[in-house]
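Structure, as structure tokens:
Read from first to last, the chains carry the letters A, B, C and D; within each, the first residue is number 1.
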Amino acid sequence: MIKNYLKNTWEGLYTVFVGMKITWKHLFVPSVTLQYPEERAKLPERARNRLFLNYNDCIGCMQCATACPVNCIEIETVKGIPTDMPDPTSKGQKKALWVTKFDIDTGKCCFCQLCVFPCPTEAIYMTDIYEYSEFDRDNLVYNFASLTQAEVKEKQDNFDKFQAEKEAQKVAAAKAKAEADAKKAAEDKAKSEIKPSDDEIKE
Amino acid sequence: MQNYLIEIFGSEIVAYILATVPVLAFIVVFVLFAVWLERKVSAHMQDRLGPMRVGWHGVLQTLADFLKLLQKEDIVASANDKALFNIAPYVVFVTTLITYTMLPFTSIFIGSNADVGIYFVLAFSGAVVAGILMAGWASNNKYSLYGSLRSAAQIVSYEIPTALVVLTMIMLYGTLSLGDITTAQTSQFWNWGIFGGPVLGIGKILLVPFMFVAFIILFISTLAESNRTPFDLPESESELVAGFNTEYSGIKFSMFFLSEFANMFLIGAILVIFFFGGYNSPFGYLGNLLGIEWLIPIEQLFWFLGKGMFFVFVDMWLRWTLPRVRVDQLMTICWKYLIPYAFFNLLIVGLILLI
Amino acid sequence: MKTEEMILNMGPQHPSTHGVLRLELVLDGEVVHDVKPHIGYLHRCFEKHAEAMTYAQVVPYTDRMDYLASMYNNFGYVGAVEKLMDIKVPERVEYIRVIMGELQRIASHLVALGTFGLDLGAFTPFLYLFRDREKILDLFEITCGARLLYNYMWVGGLSHDIHPDFVRKTKEFINYFRPTVVELNNLLTFNKIFIERTANIGVCPAKEAINLGLSGPNLRGSGVKFDLRKNDTYSIYDRFDFEIPVGEGLVGTVGDCWDRYYVRVQEVEQSLRIIEQAIDQIPDGDVSKEIPRRVKPPVGTVYHRVEAPKGELGYFIVSDGSVNPARVKVRAPSFVSLSAIGQMAKGYLVADVVAILGSLDIVLGEIDR
Amino acid sequence: MSIYDLIFYLFATLTIVSALMVVSSDNIVRSAFYLLATFFGVSGIYVLLGADFVAVTQIMVYIGGILILLLFGVMLTSNITNVEIKKGTAKILPAVIGIGVLLGALVSVMTRTKWKLQLTEIPQTTSFELGKLLITDYVLIFELLGILLLIALIGAASMARREQE
């Protein structure tokens, strides 16, 4: 019992000194931390931070928005018209859509990188920017679409017009056809009843 | 010192008040420095840098923090006992401050070289408990109450080994006065308490190991009395959040802080006075060598503060090395280990002194 | 003497509840009579959420369960889905997964050991261990770009192949890290105060541990030699030579806090051994070859369990044949561990509750899900 | 008025006021804390009388020991703050008699004492003489008291020990 008592005392003091020796050694080890704003760690090339969209390369295929588990990407597109097609991507892929809205809400983003992989044109990718805090939450929504409001309206109008023209053409064609049919029908009055054309049902 | 001041100002009251100013200023400056040191020591021991922004290597960081603390809102919860809650920090601080009157900083600056000396210091460091209990109870918070009760139990228990070792040393020096104890260890370092003090002959050699034991016991028990790791149970942040000062903020919190660090230097000073010659230089004074008389007190102040700071550093060193003991183990260390050892040490030192 | 019981709320805002956990302690003085954990402060509807996600989209959500061991959560989930779809992943993928999983186990254990020390008041070992954990996170970062929530293992493969520097840096890390374990042992493990604080505290005998359903280091700390990597082997763990450390009661009783702690220390060493063996054998190949474009498992159910750093992590997945899982149920090891605290802490002091909680190594993200 | 007079009146006021507060306070814990001020005031008066050793002992024993014990007892008793404390006069006659006797005794002592009107000499400190006396003339009593306290210490330690189960 006395032996145990003395042993406890000795262990208590000895292990304290062992520990003190270690911390003493560390007193002279150079620091492993960085003085942050002045010194910055070099991020590896695969670093996953704020999302970025190379707008010119986006073809508006919506695959990133579908892949996103938190729905932080919002895309709206307008179909291009033959006379006003968007420029092809930097790799020469043709675009059929005007991307009128491409918003990424980085406040929602969970940095999972799931949106990056499906992108066929490598337009969306993660950058090494990690300082983008804002005072206003709305500022965390990044608008990547470079079209102005007016331009969007114009594209929309263009498309609507184009659509309307197409419609009108079709209607006109249908009308012409109908007229022709009517004529024909008038000519062959006695033959049969008029049937509605397939085109009309589709439209 | 007092007589000199009385002569200058012609009034006792002014002289006495002025005599306290250097001590108060010392405590404030020391705490500012010690907090910075604590942060730096901890940082470098943990491979970090610690504060680096304000001033050279952050020396003014504590000042900035202190200014921030002063500006903070003074929160008093509605369920607190307001009067006691407000008084408690000052009770703690004042009782710590009072003990400084007995410390011989140099041979000429000593608040009071009273005969009661160390007894006075022990009494008032025990009286701190009242302030801590007041803080814990007035906070009306279970964690605070636990912290203060633990603190009280701890300080009261550890007074016993402290007193036993102090008794040993008093036997050696034959006086309670801290000033006289220091003068007994004058000239060279082999007259220091740890080397048997003023005793001469065979007794000196026999005393050394027992003085060493006494030193370790006094170090541990005073460490516990000042509530530092590994005995920082009253404010053990992993169990009791912050112990008795959980509810405090702003200037009142800084009062607790001041008193904790003032206490750290106090225990360092007590150890130095008992075992390491107080303000005495280990090798003789440069002032004597050069024949400049006014240099001696400055040298003495340097040695006293230097030795005291060394023990403050050891406190910090221990704090950043060790885990915390549990409340019952705290009592085990005190009652089952320190007290018997201190007791036997007292007995043996007494026997050695008789021969 | 008649004394009154006092109820003390520990948490949800408390320094040592490892997250937002509330423990209701019924105390007699400082002696604990009962501990009631109240959970749910971190509930994020993971299981319900998974039903609205595609199988691939669930992976980032599994990251956020045990956020200190995200790789292993991925490992378990993709294992379950692959079992359901009967996919055989390439050898290279298996090796990389095992290496990543073991690195993650080390990282998770380092946090566990460090915070355990922190709970007992030792601050310095905590920071030493975090310094080394940082090195592991760096390894993950060069591989997949993320430091905490990796989304690295995908059904059928991996999101990225390993970085060209990965093998070299991992070897460097192993050489660097070995002495740290020795240092930790000197500084903390065999420190007398630490031993006094943890030995004979929160004793959980083997039988009780099994009854409580404990798993992982908590079960092994009680002296039960049970490790899914050996006992119900998955992936390619059967190819490696490693031991299962169990609690032996070196300084106290078998199954005390110190044993649970020391099992983790030893497991870190064993994980290093596995990595050393695996790192030299990584075969060449393509890591994304087997990744299906659309993960659409057949109708059926699967239960797949892995030895996560915190214990047995099981995924029960019900598939209705669509692209979304019909049900994902997780058997979270921390949840089971936490449920044991009531029995373990009875009769000890308040300070011991902190030690016991720390030794169980819980993560609230996994408990509340 | 010299500084000593000022300090004396300060301590005297402190003692009397806080003693009154002790008996008149509604809250028992507060009473205990007022007692702290009373003890402190009394020890201050001891110092002024030159009894420095007694003064420090007063702080050591009464504040550091007895008061703390008292506070422990009070704080650890649950619901103590809700207890109604009776402050009204209950038995007037015995009280009057008791106070009368006490007052008479005090007044008679006060009038008979030969007061020093002028402080002729600054009171000498006593601890050195006290120490000498304790070791020489009163050594037996001192030793016996020491043994008594040691017994108390051992007894307390054995009582506080947890029962072996």
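General observations
Here is the rule we use: a contact is a pair of C-beta atoms (placed from the backbone, for glycine too) under 8 Å apart; a residue touches a chain by one contact, two chains touch by 3 or more.
What you are looking at is a predicted structure, and each value in this text was computed from that prediction instead of being measured.
Hopping across touching chains, the smallest step count from chain A to chain D is 2. Between B-D and A-B, more C-beta contact pairs join the chains of B-D. Centroid to centroid, with C-alpha atoms defining each point, chain B and chain D lie 27 Å apart.
Chain A and chain B have CA centres that are 63 Å apart. Measuring from the averaged C-alpha position of chain A to that of chain C gives a distance of 34 Å. Between the Cα centres of chain B and chain C there is a gap of 45 Å. Chain contacts: chain C has residues 6, 124, 128, 131, 187-188, 191, 193 touching two or more partner chains. Residue positions of chain A touching 2 or more other chains, listed in rising order: 8, 12, 16, 19, 22-23, 26, 32.
Annotation for chain B: residues 45-48, 320-322 touch two or more other chains.
Only residues 8-9, 12-13, 16, 19-20, 22-24, 26-33, 35 of chain A touch chain B when the two sit together in their complex. Residues 6, 8, 14-16, 30, 117-124, 127-128, 131, 187-188, 191, 193-194, 196-197, 349-352, 354 of chain C are the ones touching chain B in the complex. Residues of chain A that touch chain C in their complex: 8, 11-12, 14-16, 18-19, 22-23, 26, 32, 43-44, 46-48, 67-69, 110-114, 117, 126.
Taken together, the chain B residues at the contact with chain A in this complex read 41, 43-49, 52, 216, 317-318, 320-322, 333, 337, 341.
Residue ranges of chain C in contact with chain A, taken from their complex: 53, 56-61, 63, 124, 128, 131, 134, 141-146, 149, 151, 159-160, 163, 183, 186-188, 190-193.
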